[in-house]
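Before I ask anything, let me first share the structure, which is written out below as structure tokens.
Which chain is which? They are A, B, C, D, E, F, G and H, in the order written, and residues in each are numbered from 1.
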Amino acid sequence: GFARIDTHRALRTGDPEVVYAAGKTTEQVAAIVKHLTSANPNRPILVTRADEAARAAVRAACPDGHLLEDATGRCVALGPLPEIPRGRVAVVCAGTSDLPVAAEATFTARVFGAAVEQITDVGVAGIHRILAARPALDRADAVVVVAGMDGALPSVVGGLTGVPIVAVPTSVGYGAAFGGLAALLTMLNSCAPGIAVVNIDNGFGAGLYGARIARQS
Amino acid sequence: GFARIDTHRALRTGDPEVVYAAGKTTEQVAAIVKHLTSANPNRPILVTRADEAARAAVRAACPDGHLLEDATGRCVALGPLPEIPRGRVAVVCAGTSDLPVAAEATFTARVFGAAVEQITDVGVAGIHRILAARPALDRADAVVVVAGMDGALPSVVGGLTGVPIVAVPTSVGYGAAFGGLAALLTMLNSCAPGIAVVNIDNGFGAGLYGARIARQS
Amino acid sequence: GFARIDTHRALRTGDPEVVYAAGKTTEQVAAIVKHLTSANPNRPILVTRADEAARAAVRAACPDGHLLEDATGRCVALGPLPEIPRGRVAVVCAGTSDLPVAAEATFTARVFGAAVEQITDVGVAGIHRILAARPALDRADAVVVVAGMDGALPSVVGGLTGVPIVAVPTSVGYGAAFGGLAALLTMLNSCAPGIAVVNIDNGFGAGLYGARIARQS
Amino acid sequence: GFARIDTHRALRTGDPEVVYAAGKTTEQVAAIVKHLTSANPNRPILVTRADEAARAAVRAACPDGHLLEDATGRCVALGPLPEIPRGRVAVVCAGTSDLPVAAEATFTARVFGAAVEQITDVGVAGIHRILAARPALDRADAVVVVAGMDGALPSVVGGLTGVPIVAVPTSVGYGAAFGGLAALLTMLNSCAPGIAVVNIDNGFGAGLYGARIARQS
Amino acid sequence: GFARIDTHRALRTGDPEVVYAAGKTTEQVAAIVKHLTSANPNRPILVTRADEAARAAVRAACPDGHLLEDATGRCVALGPLPEIPRGRVAVVCAGTSDLPVAAEATFTARVFGAAVEQITDVGVAGIHRILAARPALDRADAVVVVAGMDGALPSVVGGLTGVPIVAVPTSVGYGAAFGGLAALLTMLNSCAPGIAVVNIDNGFGAGLYGARIARQS
Amino acid sequence: GFARIDTHRALRTGDPEVVYAAGKTTEQVAAIVKHLTSANPNRPILVTRADEAARAAVRAACPDGHLLEDATGRCVALGPLPEIPRGRVAVVCAGTSDLPVAAEATFTARVFGAAVEQITDVGVAGIHRILAARPALDRADAVVVVAGMDGALPSVVGGLTGVPIVAVPTSVGYGAAFGGLAALLTMLNSCAPGIAVVNIDNGFGAGLYGARIARQS
Amino acid sequence: GFARIDTHRALRTGDPEVVYAAGKTTEQVAAIVKHLTSANPNRPILVTRADEAARAAVRAACPDGHLLEDATGRCVALGPLPEIPRGRVAVVCAGTSDLPVAAEATFTARVFGAAVEQITDVGVAGIHRILAARPALDRADAVVVVAGMDGALPSVVGGLTGVPIVAVPTSVGYGAAFGGLAALLTMLNSCAPGIAVVNIDNGFGAGLYGARIARQS
Amino acid sequence: GFARIDTHRALRTGDPEVVYAAGKTTEQVAAIVKHLTSANPNRPILVTRADEAARAAVRAACPDGHLLEDATGRCVALGPLPEIPRGRVAVVCAGTSDLPVAAEATFTARVFGAAVEQITDVGVAGIHRILAARPALDRADAVVVVAGMDGALPSVVGGLTGVPIVAVPTSVGYGAAFGGLAALLTMLNSCAPGIAVVNIDNGFGAGLYGARIARQS
């Protein structure tokens, strides 16, 4: 087999099994999903970075399963997904172009058990927009903030809430954005406390992290 | 005055007021601390990056206060510190040279209300050491992992626990460590999920973050 | 002589002659200032990056002149300084540690003919602070924004005003701040329009630039 | 909707609404433009980074409107554009390959209300060319300088004029040009005063900035 | 001819002749292989970075030769390959996506005379996997460790064995992986001794190096 | 205690215990050495990056032990050092300024059991020098090559020998040497096969690695 | 017109007019060449970075002219080319993949008036190859050295000759070659004196420079 | 001996022997100079990067010799220096702070046999200054151009002369000058032909290179 599929990790952490579809053929993705469902029919599965073809292959592989899908976030999930959410995550997104990363975070947080509230297009260049979103921030147990270009949004959100913030830099931008490096450095150097950072474009990691915080509440 | 001291932020977030002593004179540090205690006698204060001289100035400025100090972590705290901890943070430290950053994290997490268990010298080059620390990891609501050089420890810890991990790269190392950049990139690219990263040497940020997660438990 | 002093440039641009004291001995600074005053008694002179010793040497060299000095901004100016300001510059400063750069900008803008209003300690982690400064922003013909660490402040200011903003990243910070690189990239990638950027710690350049914009009003 | 269109920002700054077409489908661009025109029929709109297909979609969406278009600068503008220019911007361009960025700056400055004079192919390797352009520089209230490769042109222009210069590095070049980084660093370190810098290839930002300066005159 | 083929080097080092097919046409690859076999019929040849077309051309060029091929590692070898292995190399691979680089190392080590044992999908996020592979590590004279993303695996392996480890960073990952730079820096800064590093994705170099160590045993 | 001293690792790998003195006080170094000798009187100890004061403290702590010291390489070793060398390492050094790193490699390789032959001042700018050293290269089981500035020497040595080469970039140089980065990149990209690289200035790691290879012979 | 063609520069320097075809349409290239030949029929023209289509367009545009073409170097030249060479340039090339850059250098040096001797495939991994080329080096007035990957060849050549060496790093390589950066840094830090460096892949610049040196002989 | 002093290299290239004093003790410098003079009394010696103490040691070591010294350039030369210059080098220097590097270039070029004309403080921000220096440029066989900060001067000089230009970036500047990197990149990307670049602050290398070109005239 082309991969040592780790069915024990899921049990150990209490989380779904995750398949990262980027760089895998649709055949490989479908075969892994099939293997996982037959090995552990009661364990949910999340497939990320799955384009339309990969998602179709998953759909075909699991004709009868409970299937949740998000085209913007390029994700699909199978199996007995969490029914009663544990805790609440707010996913805050700076600009329209950051939406795919935000959608990946939202989808992942849900599959990992959280209730999610998504707030979009609240970049700091129009500060009234994020100020208007304070009620949603106040309701959350964890906040995921997604921003490209200058990556300034988490610093502002950090001044508005006392719950942990997971900052996700995106590769949106050009020139001296250097593929997300500018936003990444901004977030690591935030003048507001209570911010931790995941890799550029890693909506999956942020959603999982937010859900893990929220479920402690 | 040389600084617009923000006595409202503490109230807003429910956290102590923090003074970052690096780049300030001992006189400035003492004056800020005095101002804060007289403005809000019931609010705790944390002073970080305070060398022996700065800590002495704080001691002199507050002769009667409850005072907690840590020389390794270069921190001092004043005032009515939290008595009953809310949640538990494990602070895990790879090597002896990373201790000052780990101590800053431990001290900060305590001042922000968490019970803290510190586990030191468990670098991945002797894998039995971190494996032996699993019971402490299992007890924790959040884990802070401090490592310099290769920064590999969070990736291993990430496979051993399902609670959120806050990774702190340190500037320990030489040559291609590039002042902590190597460890920072390692942690951002961790192959284990559930890891978020703060700035190089930012023990304060990690301790605060860990405590904020833990108090939700 | 050790320098080809360009007495014509001042005439050409209508601006004071500027001496950059960093890397020059106090004797060299004094000699240049003496030469300039005798060559053009009616032309103002600005000396920047001048420590206390260099400023003392300038004072000694020009016992009778009109002399303006700023210790925080490490600047001194001589000669017939502008009396009636042409236009107004707001200098906005994120944190206490950024003050020397802000002071250099303020001093320079004044010597180049602008009225200046300085607003300090209004970092984005407490957003109410910069919002409270809107009246000063509304009065200005140009706004200089000085910030280190995450460098996020210009993006917020950019959403609050329609006049040109000159952003100055500072080297304040540590770790992944990389000596001001993080703030520089943030500002170059600002999601708000109307922002242009000068070199790290270049308060002089920003003050001059702000004054040149303001005097067109 | 896929974007929180900010119709208030335009009113606040007195500037047209801007749509950044890169990374949007032609359908999205057309829909946004339609929405904006119906919401505020009297407000001008600028669409940047719009390829031929996007520009065609805009044309089709607004059959009766006043429409201005520039293929080189990949821009299109709609609605009641400014009739009497406020101030004058000179757009100076080093080489033929920098023309698209210069055209974007020129078009934007016009749409934001300035009279623009464009001077092209005056790179510093033939210094007589920029010297010959001095009359145009002397007429301007602000100068935009566009250059790739070594990015040296703003430093020379900075010695020829006392009005504010907006420098735009371009990604033109190869090898150690590193996608515009070389030119960007050159401009940030210019030995001439009076230069501020925008992001690599950001002709839009430079044109807007130039117009904002010029309209104060 | 387009290349000065060095038939003496092979004799000097006792190793096969190597052809790097990347950036060469299939015709060039076939012609070089033909020239080498006719010049030295008894010398083995290794062709690396050969896609299916290049491998087909080699097959066609050498209809009668002993031919060994690996599609995953994009390699083909010809001629009298070593029959009795000299020493043993373990090739350890962190994730599924690193397999092409690991396969290149395995194939190369075999063609250079070593017995090779390949262990895959043993990334540090599930530490039991590499611990389970200790017997294979104990049998080896040299260990090649292939990992992308965080590149943490060699540090763990370095604590488990006293034989020389050749670490190969791969370009697997995204964002702050920076095309393998993150993994490269991790490996250069390993906190475990006994690790030396080759270029990103250089499975060939690692396999050759492992075989050269192993044949001394 | 300030460090979890790992007396088992030495037994596991058959190598001396190593203490890295940089960043430790002389008291800490002496205490660790004392602890190690009393815990395992028959196990050798190597102390690296030890300045004269640290070495004096070690001497004082172990008045009766077998003690080996090297001032250039800033190393000291104690205890029952290997008597009959296992294999032979050549340490080749490009320039006079690289000698401290080469001496650290030589000393370490000896303490780890190898016979060592050191060849100095054979930089590639005078190619006859390294060519004259071929007999020593031919005698060796492993070759350590130490070079700063351009780091070109390993590429030449790689064409002269078929045994494994351990390349050590040094921080010798200025300007675009970037603290050893230039030499590091050169060595990682060597056009000669059979070269693996350790961290900048890591003479210790290279000596240990060379000895581990050599002892297999 | 799309370009201010500088017919005076050629006269000023005594060199051909040069057209850089990269990023221009074949129509633009043909039009520029036509314009130049009609403006100055007696002045030679060099077109670089011209693919087959661009070279065909030049051929068609100048049916009767003296035309010299090189497919490997992607160059074409027209008009009264120099007949009696002034001085002699050796172009030395490390590997087969560097040939296009070496060919561009050779072609350019010839068009700028030098006799050129090209020596290929003499990388330092087989040092006898460059040693065998010493007679050609001894005949030359300037030496151009082209190398990618480690870029070590100029350092060796610098020890063999006392004439000026122009080093050209190429983008050949992968991984930590970083598109030629590794070779560039190597050459800038060469331990041999008498080496100056041009941009990555800039065969044109090196050939021109070599010819300018040689013609002084 | 601590260094393999290469008395043959001088004979081979017809140039003086060079000692690089940085990182050597004054005793080492004096000993090397004594050894060289006794080994080859008729061969000139150049000592660079020699502070006042090192230069005094050289003076003391050679009481009777012909001795030439330059405090600004931190150089000293001994022995039968060239009497009749071969060719002429112009050394052009942008700013006062670049003078030490320019002085090193001037001194070296003289010791290597050239007549040198030094032109200082002609930065591009006052373009009339370099234009006024054209006669000196026209007289030269090679031009060395020294500049820090933006490094723009060589691009302008490249348009004024047809002789080879050696560009020397200096580490003068701050912030985004990155220790000379900005100037280095500018020069490598110069839009003017005929420019080759040496390492940051390498006045020695540029002077030697200029003299080697000039002596061919």
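Points worth noting:
Operating definition for what follows: contacts are C-beta pairs under 8 Å (C-beta built on N, C-alpha and C of every residue); 3 or more make two chains touch, one makes a residue touch a chain.
The structure displayed is predicted, hence computed values, not measured ones.
Distance from the centre of chain A peaks at H, each centre being the average of the chain's Cα atoms. Distance from chain F peaks, on a Cα-centroid basis, for D. With rounding to the nearest 5, the Cα superposition of chain C on chain H corresponds to a rotation angle of 90 degrees. A repeat of the B-C interface exists among C-H, E-F or A-B; more than half of the contact pairs are identical by residue number at C-H. The greater number of contacting C-beta pairs, out of the two interfaces E-F and D-H, is seen for D-H. Centres computed as Cα averages put chain B at a distance of 43 Å from chain E. Computed from the mean C-alpha positions, the centre of chain D lies at a distance of 57 Å from the centre of chain F.
Annotation for chain D: residues touching 2 or more other chains are 9, 125-126, 159, 175-177, 181, 184, 188-189, 193, 199. Listed by label, the pairs of touching chains are A-B, A-C, A-D, A-E, B-C, B-E, B-F, C-D, C-H, D-G, D-H, E-F, E-G, F-G, F-H, G-H. Across the complex, chain A meets chain D through its residues 96-97, 99, 120-122, 125-126, 129, 172, 174-177. Of all residues in chain B, those touching chain A in their complex are 9, 12-15, 18, 87, 141, 159, 161-164, 166, 184, 188-189, 193-199, 204-206, 208-209, 212-214, 216-217. Touching chain A in their complex are the following residues of chain D: 2-4, 6, 8-9, 22-24, 169, 171, 179-181, 184, 199-202. Contacts from chain G toward chain F in the complex involve residues 94-95, 123-127, 131, 149-152, 155-156, 158-160, 173, 175-178, 181-183, 185-193.
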